[in-house]
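Each chain gets a letter, A, B and C, in the order it is written, and its residues are counted from 1.
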């Protein structure tokens, strides 16, 4: 609508970024509805942060930052320290990344650069389907299929051959940090694969051809041209995978053994931030217990927001590079 | 021309995208029931100028204008004018055919009619038939009015868009290089139509095909880098241009 | 070996290694599908779909309560989440340069990666703790929060694919802007948006963590969204963590049903896109 104060000879869009002008009351109403919906999303982020901070206030007041370093979690004595949880979360995610990244990238690169057509499609589709399997189903499979195999053959083998390392020493339990890490590996692989595959597909063909024309072997083309071109996008995919791993709840809860202890051995049970919330939140009786769990949720939220924001910025940069 | 007041005219009209001026101070008038051609090399501002005539220019990012555009003597940029209503009086057909992909052939033609509230179905059907006949498409589609418009050929789609534009009975029809994406046969059909339609409508056509301008139009305006270089009857422009640039362009020495 | 042959050899070795990676990656994934089918199918029967649970220790019993629960919780979540997500997506596509669109787009991506358990805690705080009881409705809100950012992003991407020429044609015909958006642009992008929405519904249907302390779960068939309610993923979790062998059987069968629901939604989603839109522009 033209502002009434404007000279009738000049008709400038009131807001040059607004694109199409809303001109009627119905248009204004429509735009209002859309704005409301769009506004809701950033508000949601703020509300999440505010409510979690508010809910954890009693725990923050009681324990402060010592919460991050204390390793006693005792609901009976009302003492809470989250260090074993932080440690367990970081350790399982780290192991999962170390295992999943080379495998996923290998698969992604193979599928985009080398695989014959009849392999590409079915494998890509399988990956998409696997990304859709609910986490609780991975957990179920982990308990009843994966753990028995690990306990009877894989873990003893590790202990016999690598037992001189403290990580592979000690009694073998079924549910353990290593079991949880392995299920996490399986779960984040399809995710890292599909994101890095789309990043690799965005590398212009001219880059490939230029490299091959210089006499590079196909592997050299991948290593010297294609992967470097897509590098920040691939790093973004890995960080997104990290975000997934950090926040993954059900499968880890079912496989990690849920013990508030840090042990050098990967065969021992452990705990993660997400798992402790899943297990204890609905049974927490005291205000301080609930607040401490909320504090854990707040920490998890802040960490994943930072991780995801970083990953998105990296991926967007690649998009802009290949788009422009 | 000139005996009766013009149907449409512009007065020192400039059109900008943000800080860039695409059209510079153009004053032109268009008599009713004639075909007016706007010619010039690409980027000369003729399409932008056309889009100010139905206020579609302001829809582009950063689009704004100075000056006046009059339709039947009334300033269409006055704050009392609703651009939605205006666009029903000044219809437009684009370079590429733009049938609405989710609508049938019939619904495409009726698309502009349904806006003023509900018309009885019989009346809509009647207008659809009349418009399709005027667009010389009726015989080809009368048996598949309910089929998707996407099944038509490019030339048929463009005639469908023409039918859609004339269905609400606008006073002026703007054609923005309507044959640019068509084969010679499709082009010929559209050209024949344009000539036959001027009986009912005032037509302003942008083209960079000079033969087309010469064949169809009553008046021709030559644009160059956002400015109006020359305006006159088509005969005069093509046989005795007064400006060097016009002559250079129509004889194919540049552009 | 001369350097050239060595380079070619190295290239072959690397490709071979990647082939091995494909096998290693695909193997556990196939194993999951196989064990699900084998272990789950044996416990499936008609009664499994039409009965509710029996007391622990007895055999038989079904998951009708959880099927109804999942349908209701996810259904309500979709009613809340899909329209908001589509609205926000239209906003981002129609006002792409505006500041709000930039923020909304970015925050959507960030929220997409937020752990669902965190959303569960949030909804517990703002809904369950206020109402002082667990409810299916709270679970729906949690799932809706997870769906919104996903639907927003797909909607925006798909609307951007609709040619500008269509939008201008509608405006030139005298369509008001809101009508252009809804009846031309959105309508044209609709098949793709339906796909995106169904995929987000599929994802929500498989979520367990956000329901743990919102919908909570229940042993009974219930249609009241203001009460605790069962859901398929919750049932899998409960039965899998329980001590009884019969429960483990039920867990496998329930997981199979859940996977079928999720896969059916995913397949339906892909079918929706197959009826391609606009061929021009």
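One rule holds for everything that comes next: a contact is a pair of C-beta atoms (placed from the backbone, for glycine too) under 8 Å apart; a residue touches a chain by one contact, two chains touch by 3 or more.
Note that the structure is predicted; figures quoted are calculated from it, not measured.
Chain C has its Cα centroid nearest to the centroid of all protein Cα atoms in the structure. Farthest chain from chain C (centres taken as the mean of C-alpha atoms): B.
Work out the mean CA point of chain A and of chain C, and you get 16 Å between them.
For the pair chain A and chain B, the distance between C-alpha centroids works out to 54 Å. Computed centre separation for the pair chain B/chain C is 48 angstrom, with centres defined by C-alpha atoms. Those residues of chain C in touch with two or more other chains are numbered 97, 171, 176. Contact with two or more other chains is made by residues 59, 61, 84 of chain B.
Across the assembly, chain A contributes residues 17, 19-21, 23-24 that each touch 2 or more other chains.
Of all the residues in chain B, the ones that touch chain C in their complex are 54, 56, 59, 61, 84-85, 87-88, 91-92, 94-102, 111-112, 115, 150, 157, 161, 164-165, 168, 174. If you check the complex, the residues on chain A that touch chain C are 17-24, 26-27, 29-31, 33-42, 44-45, 47-48, 51-52, 54-55, 102-104, 106-107, 109-111, 114-115, 119, 123, 126, 128-130, 132-141, 143-146, 186, 189-190, 193, 217-220, 222, 240, 243-244, 246-250, 254, 274, 277-278, 281-282, 293-294, 297, 300-301, 304-305, 307-309, 311-312. If you check the complex, the residues on chain C that touch chain B are 97, 163, 165-166, 168-176, 179, 184, 187-188, 190, 277-281.
Those residues of chain C lying in contact with chain A across their complex are 7-8, 10-11, 14-15, 17-22, 24-26, 28-32, 35-36, 39, 83-88, 90-92, 94-98, 100-101, 103-104, 106-122, 124-126, 145, 148-149, 152, 171, 176-178, 181-182, 199, 202-203, 205-209, 212-213, 216, 233, 236-237, 240-241, 248, 251-252, 255, 258-259, 262-263, 266.
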